[in-house]
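A single structure is presented below for examination.
Chain nomenclature is as follows: A, B, C, D and E, assigned in order of appearance, with residue numbering initiated at 1 for each chain independently.
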Amino acid sequence: MAKSKKRRAKRAGLSPGTLVHVGEQKTARVRVTLIDYDEQQYAEKEVTNVEECFPFRDRPTTTWINIDGLHQVEAIERIGRHFGLHPLVLEDIVHTEQRPKLEDFEQYLFLVTKILSYDEATAKIVAEQVSMVLGANFVMTFQEGAKDDFVPVRERIKRGTVRLRTLGADYLLYALLDSIVDNYFIILEKLGEQIETLEEALLLAPAPEQLNALHKLRREIISMRRAVWPLREVVTRLERRESKLIREGSTVFLRDVYDHIARIIDTVENYRDLVAVLLDLYLSSLSNKMNEVMKTLTIITTIFIPLSFIAGIYGMNFEYMPELKWSWSYPVVLAFMAALVGAMIFYFRKRKWF
Amino acid sequence: MAKSKKRRAKRAGLSPGTLVHVGEQKTARVRVTLIDYDEQQYAEKEVTNVEECFPFRDRPTTTWINIDGLHQVEAIERIGRHFGLHPLVLEDIVHTEQRPKLEDFEQYLFLVTKILSYDEATAKIVAEQVSMVLGANFVMTFQEGAKDDFVPVRERIKRGTVRLRTLGADYLLYALLDSIVDNYFIILEKLGEQIETLEEALLLAPAPEQLNALHKLRREIISMRRAVWPLREVVTRLERRESKLIREGSTVFLRDVYDHIARIIDTVENYRDLVAVLLDLYLSSLSNKMNEVMKTLTIITTIFIPLSFIAGIYGMNFEYMPELKWSWSYPVVLAFMAALVGAMIFYFRKRKWF
Amino acid sequence: MAKSKKRRAKRAGLSPGTLVHVGEQKTARVRVTLIDYDEQQYAEKEVTNVEECFPFRDRPTTTWINIDGLHQVEAIERIGRHFGLHPLVLEDIVHTEQRPKLEDFEQYLFLVTKILSYDEATAKIVAEQVSMVLGANFVMTFQEGAKDDFVPVRERIKRGTVRLRTLGADYLLYALLDSIVDNYFIILEKLGEQIETLEEALLLAPAPEQLNALHKLRREIISMRRAVWPLREVVTRLERRESKLIREGSTVFLRDVYDHIARIIDTVENYRDLVAVLLDLYLSSLSNKMNEVMKTLTIITTIFIPLSFIAGIYGMNFEYMPELKWSWSYPVVLAFMAALVGAMIFYFRKRKWF
Amino acid sequence: MAKSKKRRAKRAGLSPGTLVHVGEQKTARVRVTLIDYDEQQYAEKEVTNVEECFPFRDRPTTTWINIDGLHQVEAIERIGRHFGLHPLVLEDIVHTEQRPKLEDFEQYLFLVTKILSYDEATAKIVAEQVSMVLGANFVMTFQEGAKDDFVPVRERIKRGTVRLRTLGADYLLYALLDSIVDNYFIILEKLGEQIETLEEALLLAPAPEQLNALHKLRREIISMRRAVWPLREVVTRLERRESKLIREGSTVFLRDVYDHIARIIDTVENYRDLVAVLLDLYLSSLSNKMNEVMKTLTIITTIFIPLSFIAGIYGMNFEYMPELKWSWSYPVVLAFMAALVGAMIFYFRKRKWF
Amino acid sequence: MAKSKKRRAKRAGLSPGTLVHVGEQKTARVRVTLIDYDEQQYAEKEVTNVEECFPFRDRPTTTWINIDGLHQVEAIERIGRHFGLHPLVLEDIVHTEQRPKLEDFEQYLFLVTKILSYDEATAKIVAEQVSMVLGANFVMTFQEGAKDDFVPVRERIKRGTVRLRTLGADYLLYALLDSIVDNYFIILEKLGEQIETLEEALLLAPAPEQLNALHKLRREIISMRRAVWPLREVVTRLERRESKLIREGSTVFLRDVYDHIARIIDTVENYRDLVAVLLDLYLSSLSNKMNEVMKTLTIITTIFIPLSFIAGIYGMNFEYMPELKWSWSYPVVLAFMAALVGAMIFYFRKRKWF
């Protein structure tokens, strides 16, 4: 995290609208995929030159331009200029540390969202920025990654139910959002499993490793919240149809996405509560254990220290200690010690110490 | 919980509107019960073929179609198509992990609610989804369970007070909601009893088992909140009569349901506060006890360790220790020890240690 | 508390509007008091038959009908039917576990409020439900109790300042609310005294009994909050004159009641903060004391254990221990021990342990 | 605090509008100061008879009537009746435990504010109620105290910049509010100094006295908040010019007062956070210290108890203990003990215990 | 902080609008820089006499007047009077402890913002007030400091892209705000690095120094929040174009600034959560360590105290202790001791103590 700030800080002082890629370069070269379809036809090709996309701006068919790799900023700039995108939009696209947001530029909508994935190696949630532009009959998606997260959506269009093909660009946007949000459930599943595993371990025997695991979980849940909360507002605004680019028939679908997000937020908040409960449980168990340890210590000490003292008394080397000469002294002292132990055990039992 | 997410995650990638039952199969076969009534007549039958319900859509009488069992998705799909339900509604009906919600499709209202029951075996609150559709003169209810939770409502219609029979479908919806909400009070009663039992036990003697019980209670209250909070918004929106399907005469009844929900939420929040108070009480008692234990340990140690040291001194085997030869040494040392004990007890008393 | 839920739960399954008294029977029989007055006259009588009240509904004079005892539900039902009260209103009147609320039925307003009293025996705040109905020229009050909480109001009307007599039913309602709210200050006084007593005791010497007292106070404050918070909304809505039954001249009085409630809430919240401060103070004092105890233990142990060890060395019975034969050994060892004690005390002083 | 409630409770049962002074009598007699001014002239006199103020009600000049001492309620009542003040307003004036508030009676505005002062003796913030009435061309101020808090305002009018003299009664009200709010900064300064002193002391060496000081500070900050928060709403409403008594030219001044209050609230909240940080710091330091103490105890005990045991073994008086006779036994045992100490120190070092 | 309050308190009692510089004098003399530009030309000069700025008020070119040093209040007053600034605005400019705010005086907008810088020496965030006035075609900036924070903005104008030169005064204001906000990211970077360093140190080995570092961080984050939160509201209001001085074309830029502020707040809140997590982690680790220490102590004590007691028994000097004479006593006792140790270790292992 601190690393990303450092990069951002390097930007400070530049004129706004200057394109500087802030993020990781994940692909060797920028890959532009073009999908164009309507009721009758479906075409998909990978273009080598961004200019090939330009004619699709004004065609009545629905076009989806997907750009993977954001490090060649001039390509982004060319395509942006042709499609009339504001310089600040282009800046946000290549600067991959935006919060999820929706901006309405009348001619087009600009959305920033995050794809989450779970990195098994570091056990961390990794967020990748996906910027989307919705025009009258096109959708543009921009991301850094080489991994193609939108395969299912592409497959669905290709397989070609009529419904999806005729519903236009706003439905395509919905399908992409839906696929992103569906992915969040997989992350939730991972977190849920970890919580369950931790809870079982905690109820068995609390150990310091669990503390670190708990704190790690807390951090992951905090970062999950950051990605999901602003998305809710984005989808609410889409659903309210503030822009004329969203047609009436799409609201029912967007409401469904909203619903999923609400459920995700609900679960995340629930996880937060559960992790808090587990942390309390851990600390209380620790207190309980400490109490038990202290009691053992106290009982042992309280019983044996006075006994040792008595033994110490008769270990003294005074010449005139009449008891030392008496023949019953030893058994009497032993009996007295035994009585003392009995009395103490009785006292502890009464106080319910064990 | 994590289990349910797993199931949801399996859905990811499917086209929206594809019906996949997510939940448990609780009945062997789908059971459809049809109740049709108006002022004059009352008819109730179990239908074997969902098509038998279709004519009732357009009759002026009030019809209640109850479907138990959601695993045969084609039956749900057929009935849904005939009654003009949106594919996403059908998807939500068979996917039984929705949050309570209300959706207005103008021709009909779609509600998701949760029936809660208390499983004595696991001491957990179990939630079952009940989806409801309110049309102009029909109500459809969908649930997984074999257990018939709506018997009292059916009985009330059958017994036939005129009022209930003439009030139409929205009153029927109210009656169903009211019966669901009334059920929540039974769960509250269980929770209240547990809190009371725990409190009495805690005031008597705090024990580690109570800690686990407290944490379990906390979890149950969290899950109860999740079911009840969204329902409040659902009923508020019904009461505000945003849809023309709710007639003016029904608002007073819906306000009554709202009132019950408000009382339930109030009690749940109160329980949450009380459990927090109990947890604090438990931890404070633990601290108190620890303090008492430590004091005992310290008093015993502080009294006997110096005494043992003195005894140790005169247990040394030096040849030239003049005190050892004196005849008054032993009683003088014993007296000195007694004086020391007295001084220490005085000191501890002054410090109010016991 | 759990008890009341149990009673409520028994209701579950009944048709709405069925009258079942949920609460305690506090009087042998229902007592109906009728007060009727205008500028010229004042009449007060206890009626044996509820039907005697009926003619007063349509008279221009202001009438106050007070019903004590709610267990004879048919009497309530008869009077309710005559005055045109909704069955759900009657249900709420006899079911004495409502939250404070205001419902507007155009012809009349229905209010639920709580009279609080402090039970010295159990040191608990007891809440009793008072339901009020405000009509065009009458006020009805319903309560369980035999204790007459409204004597001052009655006295004030009887004494007969012209102002009060001419101001009508809404002013009467105000006077009743005012008298209920004034009562809350007495409860606050009790709580305030307890907090003050506890604080003084705590600053002197924290003891485990105080912990229980604190937790009890917390509970009482929680229950006080529950009674007062919803009342604020009730009075706000009255003051905003949403109903035409409240005349413009009454708003200044209602604003005064509102003001009192705001002050009570303010004080309750303040008490909550203070009790939290006291709990923190208690626990911190405990930690302080524990720390002091531990230091004592550590100092004593650290000083005497090494000394005892040295004594132990010279208590060994080896034949070849040359020191034992030397005549200066004993005083040298004693001097060494004294030096050790001095060094340790110096070390502890430097570390500011005492 | 409980004391004030007691006084309030004594009021319970009285008819609203009955004047009873609730507060402290601070002056022997009520002192009424009359200041009358316009562009040309400035007159100031102390009147002995409240009736002398009456003619000023209708003069076009700006009049400021300041009343010190509220225990002679008839004087308050006479002046109130003449100026047309509502009985409930008079009741609030003499009942000096109101929350800061603003009430609009169209002909006049009624404000309640608190002057805060810091009592060095008890180290407590003392609040005194100042009630203000703003009429078309007069301001009345009511307070208990003998101390004249408004001297600077009076001086400023007397010195007579034209601006102030022509701006009318609402500007005078602003000047009074401004002087009250300016006073709050002095209290903040006191609190800020205490926090700084405490923080320095805490970072040096935490001591139990600091705990009491911290809790006292917390209480003072809580009571400061109670006085300032409601005032913000009062000034917001003035600034929004809900009443025609506030002229447009005054809003810029009232906005300035609002700004000061916002800054005060900001600082108070900041102090609250800082005190919480200090309390955490104190408790954490205590834990740290406890840990250190426990480690010392454990290290000493763990090193010497096994050594003492070995010494104890060879202090036993069995006749057949061959080691006792060997001539190398003693140095061997001593060497073994030294080795044991070395091993333990090595172990503790490895565990980073010291 | 307390120091600044002291200074403020000195102001109390002065007439509003009196100019008194509250803050630090950082430059020897007031330095006024004048920048004037339009599409064709760019002029920059340092003026010695504030009157030189006056003609620029009414010229159509965009003028930026930057004043460094606020201690010569008459200069500020002269320029303020000429540009028609309200006396309260001037008071706020020289009183450098305002919260960030926006005030609309129709003819001009008055903004207060804070430039943050990180003082490496004290490791504290230092805030300096920058007041800005936006007129129809001029911007005035006022600050105490000698350090020129706006160099990049000046450079950008000088380098002269046409866009920036033609966009007028509101764009200039945006550019200044943007440069201030960009600076905040550098502070965030510092804080982020500190959090990361602390976290790594904590996971390695918790030490008391980290506690102080954590508390310092908490304070810095609290003070960062105070500077940033109110700025968000300022920019929101600018973006909503409440004033006609902000032209429509500027909203997209202001939205960008808003976005940056939202991201900063987001990160600050995140840091707050992370620091809380770290503090919990620290305290929990401490508890863990304490537990471990206590266990070691208890195990050692519990094993050796009974053994020492047995040795003590046979160290008693009674004449009639038959065991002392037996030849197998010594090895038997040693064996018994070894068995006891074995049993205890077995017991501790079973309880999972080590």
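Here is the rule we use: a residue touches a chain if its C-beta (ideal position, glycine included) is under 8 Å from a C-beta of that chain, and two chains touch if they have at least 3 such contacts.
The shown structure was predicted, so the numbers you read here are calculated from the model rather than taken from an experiment.
Enquirer: Can you tell me the C-alpha superposition angle of chain B onto chain C, nearest 5°?
Expert: Answer in degrees: 70, to the nearest 5.
Enquirer: Report, in whole Å, the distance between the mean C-alpha point of chain A and the mean C-alpha point of chain C.
Expert: Averaging C-alpha atoms per chain gives centres 42 Å apart.
Enquirer: Suppose each chain is reduced to the average of its Cα coordinates; what separation in Å results between chain D and chain E?
Expert: Here the centre of chain E sits 26 Å away from the centre of chain D.
Enquirer: Quick check: what residues of chain A touch more than one other chain, meaning two or more?
Expert: 287, 290, 294, 297, 301, 305, 308, 312, 315-317, 321 - these are the residues of chain A that touch more than one other chain.
Enquirer: Would you mind giving the ring's chain order, read from chain A onward, with chain E coming straight after?
Expert: A, E, D, C, B
Enquirer: Mind listing the chain C positions that touch chain D in their complex?
Expert: Contact set of chain C toward chain D: 152, 156, 161, 164, 175, 178-179, 182-183, 185-186, 188-189, 192-193, 195-196, 203, 252-253, 255-256, 259, 262-263, 266-267, 270, 273-274, 277, 280-281, 284-285, 287-288, 290-291, 294-295, 297-298, 301-302, 305-306, 308-309, 312-313, 315-321, 352-353.
Enquirer: Which positions of chain A touch chain E when the two form their complex?
Expert: So the residues of chain A in touch with chain E come to 1-2, 5-6, 8-9, 11-13, 15-16, 86, 88, 92, 97-99, 101, 103, 105, 205, 208, 211-212, 215, 218-219, 222, 226, 279, 282-283, 286-287, 289-290, 293-294, 296-297, 300-301, 304-305, 307-308, 311-312, 314-317, 321, 323-330, 333-334.
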